Amino acid sequence: MRGRKATAAKRRPARPLIVLCVPSETSFLGLVRDLTKRMAEQAGFEDGVAERLALAVDEATTNVIEHAYGGEHGRTVEIRFDVRGDELRIEVVDTGRMVDPRRMPDVDLGRYVTERRTGGLGVHLMEKIMDSVTFRRSARRNVCCMVKRRTALSANAS
Amino acid sequence: MRGRKATAAKRRPARPLIVLCVPSETSFLGLVRDLTKRMAEQAGFEDGVAERLALAVDEATTNVIEHAYGGEHGRTVEIRFDVRGDELRIEVVDTGRMVDPRRMPDVDLGRYVTERRTGGLGVHLMEKIMDSVTFRRSARRNVCCMVKRRTALSANAS
Amino acid sequence: MNELQVETRHVGDVAVLYPKGYINAHTARAFESEIRSALRQERFKLVVNAVGLQYIASAGLGAMMGAIEEIREHGGDLRLCGLSESVLHIFEILGFHHLYRIFPSEAEAVASFRADGREDS
Amino acid sequence: MNELQVETRHVGDVAVLYPKGYINAHTARAFESEIRSALRQERFKLVVNAVGLQYIASAGLGAMMGAIEEIREHGGDLRLCGLSESVLHIFEILGFHHLYRIFPSEAEAVASFRADGREDS
């Protein structure tokens, strides 16, 4: 039962804590949301914050389904939860189209009303809710990394 | 964005539907249970059955943590949910000690009382709840496969 | 699984929508089509009574944004009531409480349209 | 996270345990130690009022099995009440309703010990 050193070393960090894979179908968004809320509560976030974290992950997953996979079913969305100290790090990972950062919108609510836009709210919400939201491409996968700290300050901020 | 044939072929079955990985710690059993219940409901099982399916998965996960990993933290338990028609197939997978089928108990409630045993109930419950429970070893992993059909008959059976 | 049911009740010339469940990218279409069906009936005074709404994601907010122009061009409005604390919080995060009038109760939301009427006459 | 809290209340010489939350391999120890603490106080007439119990896994049932011998040797018993339909179902699946007396209400469970007393005297 003794692993090689590399295995043992790999095992040490025991990260990410929790991984959930679901098919790229919006019918699983509810489940993703419920698990995220549960995770956030278990990680010590208060109810309201857990609720919003679940929304942010819902939005990120929706974007993967709609944009990265262009609505194609049967692809996989992977969601990784990692608690480090008082920081919850959630990564939403896909193997679809690369995110074009220039298409990531910069929401201006004034413009929103005058232009009567119906999109562009998801990323804006994610950024409002989380302490940080970053997108990266690695090993042909898109990773949307969202971090939230469990402090009085960040509780106010969201 | 065009995969090689092998990839496309692999992608077709889109199975298992949902995968959840958690560390080998009993503190995650509640989360496993909640997700299982949610999954079972989404797969069309009625509330009471979903509740019992969640218990069966709780028991299987507990056994992996306690027996296959001998209580060691930081290992991974993988739970795979797969809906095929009206059949829900749940696999609980670990990379720990091989299951010794001879140690799998054959519960006899009479003996249970006279011998005052406190263990051996988990596998018995799993078998009572599911339509089938099988253990197999493949690629250095232990797979506990539990199947439940969504029929009036099986609803009675559990 | 209670995903989303939307019922509409008419209170005078005001259509009150009751979304029950949650509105996300999976269910937003059902919400949108209930709004659309009010507009097809030329009902432009809408109240969304969110008392049965567990949560709303951006897809649901987009559905409202997509209809508000047409509604207001016809002299109507879409107003809200019964928002849970967490749904209200989302509206506030987005500044949507500046775009939509939000009332504590359905009675107040419905009455607000009558008040509009009086101002007009 | 409401995992498990167990309170004990004394009704005459009967100790009534109130597990609130769920009992699985993670929380069974807290349940077991509450039973143990009653036994240490030489209280052998126990009622588990499961009205706040969301669910129980085999680890929790094992905790009961592990104490029942000692309890009965001391002329006591462990009885249950307030089981939800789904918890009762688990007891029935395992045949535990033959091992434990289950009552609809706490009053009946507590009174059952008095009845025992009368039979003894």
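Should a chain be cited, it is by its letter among A, B, C and D, assigned in written order, with residues numbered from 1 in that chain.
To be clear about the criterion, a residue touches a chain if its C-beta (ideal position, glycine included) is under 8 Å from a C-beta of that chain, and two chains touch if they have at least 3 such contacts.
Treat the numbers as computed from the prediction; the structure is a model and nothing was measured.
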item	value
Those chains which touch chain C and also touch chain B	A
CA centroid of chain A to CA centroid of chain B, Å	27
Geometric centre distance via CA averages, chain D-chain C, whole Å	50
Multi-chain contact residues (two or more partners), chain A	27, 30, 42
Set of chain D residues in contact with two or more other chains	1
Inter-chain touch pairs (all)	A-B, A-C, B-D
Interface residues, chain A side, partner chain B - complex	1, 11-12, 14, 17-23, 27-28, 30-31, 34-35, 38-39, 42, 73-75, 96-97
Residues on chain A engaged by chain C in the complex (per definition of touch)	26-27, 29-30, 33, 48, 51-52, 54-55, 58-59, 62, 65-66, 109, 112-113, 116-119, 121-122, 124-125, 128-129, 158
Touching residues on chain D, where the partner in the complex is chain B	1, 3, 22, 24-26, 55, 57-59, 61-63, 65-66, 68-69, 85-86, 89-90, 93-95, 98-99
